[in-house]
């Protein structure tokens, strides 16, 4: 299982390469700097949230409220700005709101012991509702030119959007924390067996609370990026993103049961989905076919490891050289 | 399927030369087991000897690769749990497999609910299970959900389940592992009853005293093969152990002379409503301090509270004169306490994770430079401990679920010993592990104590308590009943204290 | 099964063959492509119009109204010899549309005719498209007024106040100019609806002394069904339970008016329902008397005129400035303040004419 | 009588009480709410979610989940209208809807039961695929009232003794399913599977077959519920049923069908659906500003889940001191 998991991540990496090649073959408008910048810009919010969601799902929890949190953060930013708060301060306000949303989810899950799936379905409605309560039917536009330039523009002299710098930094931090610090280990341990983690001196509840808070904060960051990119804050933005983000994380090889996953698998998955969307779009496929492709990839991501595992077990059983005289109960001892 | 009359002349069940492999691993090579009606038959062997696989073949979980299995002289249909049940086999697993959300009545009849007119007949099921419980001498409410009932009661429900199927072959896989001695007695009388009614009972246990008290015949397995069968009356414990391990076992409780030092851990007036009240004791460096009592007397709850898994209502836990904050295992760990928990699979290990990760999980801070986790150091540490404890494994990257029970327990021990604790709390340290490993664990604990570590041990095995402990703290229903020194402790005194002087209810 | 998923499959394969033969194609930057194509399109003769590639982008491709809108657009394209592709997202949101605007830029279309799903969110993308030399005409739904310079011109059905006031007149007629009225709108952020509703408020108060907004003001009388059947029905019911004495409901959205009509029929409610509805969808309710009158402009014309504006703009025959005019088919349109060209008054559909119109759109 | 007390024992009672409280508050604040029309409002509104919640209950008690229902019901409601318009009649449409429901349910069930894949991932994939196929099939077309089979439209519009047929369909499904879940052996297996999957295997329960069957059943119910949805709205378009799955799951959760499996009943899910609908309506009736309504709704769902948790945590497990064993 674990050994295969690594292979699946490589599979996603290979798929990314495949998707790029496919795009280049299908359309001569695909493989160029300008399109790459479009793809990067398109996946930024998803990717930022997916980084945090990876931790959360590995720890065995889930957050369906991320899109609503993103939007509430954006709405708060807009609300504050419209109320006359300096834009920079409003950005901080938006981030704090995201953090607060995450903390509230975490509080409900860790302190009240409610299941995260149910809780975050409810806060999905709650945070969305608060966006409406804040902005009513008036989206906020006419944001400062400078900041919109950051949101939509590119780094001078390159094709890279400004937000890519942010994404790269956050992804590097997330990768490092997940795979090279004890906090990452804690996350995995909790996902494999939360009770054993508690008995091993890991602060399970506090870690989970932190992970929810981080997911909220990252949703807030994505909310700010979203606001700048679309030069507006409205109460009905980012609807339905939550399932796409979760799908991307799962496609990246993270197990919904917790305990398994890698950061670069998720990053490759998010990029793959962005690339394949662009490739198919440029090849003239309709938006509807993109849905089918997303769903199909998600299914393949769980079916393929299963099938390979079965095949491998079969070959292992058949191979004659593996007659090492280790006798042990494979069953339940 | 029901045998009309017990026929002791002809075997009920014959399993002949059964073999079974998983992937490339041979779990059963040449296993045979013959059962007669009306006997209690002990199936013995170390962990990994193949007992469970053999029993699971009988239960229909596995299908044998080779060999003959006949039931009442007819071929036995293998490979389906349903078919096994229908053929009159009932298996009571080591870990009771009840459905917590269902009522006890439905648990008894699960998969074979009584029906009238095609619909589930609840009153009938409740009535019949009430009768079964009465027959087993317990007062359980069939209406009650199974969630939260004690392990002993779960065991009884499993037996009721077996009785309700009119099973002629009843397999009990270590049924006593989690039972107090009183409950064991209750179980034994049930088994004797079953035997008299003509059922064949297969009894798996690591406690040889029980085997000799209860069983008529025995079969010993080693390395996937049957070593031999014999009448209990014709053998001795020493013979059995030799057959099981294939060698002489030196000493089961290699207690070293203790070097008792200063008080390390002080528990003062600890209380938790409904669990235990006013528990006070001191544990000294170099001492093995045992908490004895019946299962459910609150011992595990006390040590969970001491370590910080659960909070407590009042009292305090003091380590080296410093009070420990309640409910903070991380702080306890950092201050020098370790806890080897009762339930290895659920609490002790990350079954799907590698051996290395399991060993290192308590050391992550030590293995880090600032926040960077040094993976090389992690591996070398795990390797060193694996060597120290003579762990048997293929590679450190293997998930611990591939290890045998004894080796798994060694992993749990190493992860705590690696923290170099001043106080090591061990809860049922040798439950469900084989004789050989048991002795190793005892030797290890004894050594560590001699080197100055304080050991706080919870054990339901009286021989273990007697053999290891310097002092015995006896509990009953959450209360402290008395403390005995090593030289004044004997089984009778402990049991009297643990049962409050009244044995029967 | 139809083949829409892969509607350009053949083109894709052709392209891939081309690319396989000449890898150089891959490396060409969009700027290069765009320049190439704009240079060819600067010639203003009708023959070269054949080389115009125009993207027709609805709020979402799955909405029936836009199929009719596209029908008109395609008709104009045929007349003008342009090649038009109907592309867009499957959810009517700005961010989803941006992905397709990016595609338009990437593929170097000459023009984009778009119904803005979000008046703000698509503006930066439209500006980028304009910078890449793409002529942009918004139609049906415009971007925010302060971002009007992002497009050449917008083609809208009627002046906002005309649509708003007409709907108030319809409901007034039906309820005998007496009683309180509510609005069942689309999304709270729907720009068109918000403009129309803003026009309704003062007009009703000024024109019909015996009528009022339920709850006392426009805000408490406005409900949002998010252009979703379930939510619209829910909001319809919320109106009835909150204002049991409501006399009329104006639903200035095709989804909302349809849901309201069905729910009115299901409940046997007596409230008058009117608004903007597609005749093909509303016919059964008008025929059985549930609804007396709804109105709508012709979306076919809307798409048709927008494509004309785009092509004429590219030909240099029309610059979108205030006061300039252009003609499309038999009609002639003048650009008014704000860079807007209006189609004309909305049609109304009643029992007398519904049989004819339900066959058209 | 005993059956009825059983049905409302423990698990469903809090939901029922909450419903009474919510309706009571609304009734006091706005007497029109308690009128027949107010009640019918809720009943009519609740039918679709209630029916889907019943199907979802089969799945959730097994500790699984089916996210594909929103896409599926939208698709089948469209198909029924489309096939009717093309001259295949009501039964042709229903057969196709049932067929599509069975196929999707069987595909989900196969992957979950036999390949042992996580249901959340599988059905999330199915959600996208079905919606994509559906949207491509519909592609800008809408099903208008004229394309709805008259029988379906009639069911959506009419009522029996003042109670809408749609609600009666839902109620009938709940009564039958409630009986099945309580009294049919195969359905009891679903609880066992959700309560302790490993033990279910050992107890001889054909786990894979049951899991498969429950997904197929949910698919079939959802497929046929397309007719109910079509009757309700008398129209369908590519967005029909969008995001309905989360509402359905919320109804189950609020109704005490726990995500962890093993407990809950179709009655609970049904009451949960009614409660959610009543909450939505109450918020309107209380005159809470429009833009605050969704926030209140979300907040109340959290309260409902927390309340349920609180009540269940009061069911004490056996304690050591003074327990019957010592």
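To keep things simple, chains are lettered A, B, C and D as they appear, and every chain counts its residues starting from 1.
By our rule, contacts are C-beta pairs under 8 Å (C-beta built on N, C-alpha and C of every residue); 3 or more make two chains touch, one makes a residue touch a chain.
No experiment lies behind these values; they were computed from the predicted model shown.
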Inset, instruction - Could you run down the chains that neighbour subunit B and subunit D together? - result: A
Inset, instruction - Find the chain most remote from subunit A, comparing centres computed as mean CA coordinates. - result: B
Legend entry - Averaged-CA centre spacing for the pair subunit D and subunit A, given as whole angstrom: 29
Inset, instruction - Let me have the rounded angstrom distance from the C-alpha centre of subunit A over to the C-alpha centre of subunit B, please. - result: 42
Legend entry - Distance from subunit D to subunit C - Cα centre to Cα centre, in angstrom: 35
Legend entry - Distance from the mean Cα position of subunit C to that of subunit A, given in whole angstrom: 34
Legend entry - Touching two or more other chains - residues of subunit C: 4-5, 61-62, 90-91, 188, 222, 224
Legend entry - Junction residues of subunit D, two or more chains touched: 135-136, 139, 289-291
Inset, instruction - Give me the residues of subunit A that touch two or more other chains. - result: 132, 136-137, 235, 240, 286-289, 291-292
Legend entry - Pairwise chain contacts under the document criterion: A-B, A-C, A-D, B-D, C-D
Legend entry - subunit C-facing residues of subunit A, complex: 24-35, 38, 42, 132, 136-139, 141-142, 148, 151-152, 226, 229-232, 234-240, 277-278, 281-289, 291-292
Legend entry - Contacting residues of subunit D [partner subunit B, same complex]: 6, 179, 182-185, 188-189, 191-192, 194-196, 198-206, 261-263, 316-326
Legend entry - Partner subunit D, residues of subunit B touching it in the complex: 59-61, 80-86, 91, 93, 97-102, 106, 110-111, 113, 115, 118-120, 122, 139, 147-150, 152-153, 183, 274-277, 294, 296-298, 301, 476-478
Legend entry - Residues of subunit A defined as touching subunit D within the complex: 64, 108, 112-115, 117-119, 121-130, 132-133, 135-137, 235, 240, 243, 246-247, 250, 255-257, 286-296, 298-299, 301-303, 306
Legend entry - Of subunit C, residues touching subunit D in the complex: 1-2, 4-5, 61-64, 66-67, 70, 90-91, 188, 220, 222-224, 228-230, 233-234, 237-238, 240-242, 244, 258-259, 262, 265-267, 280-281, 283-285
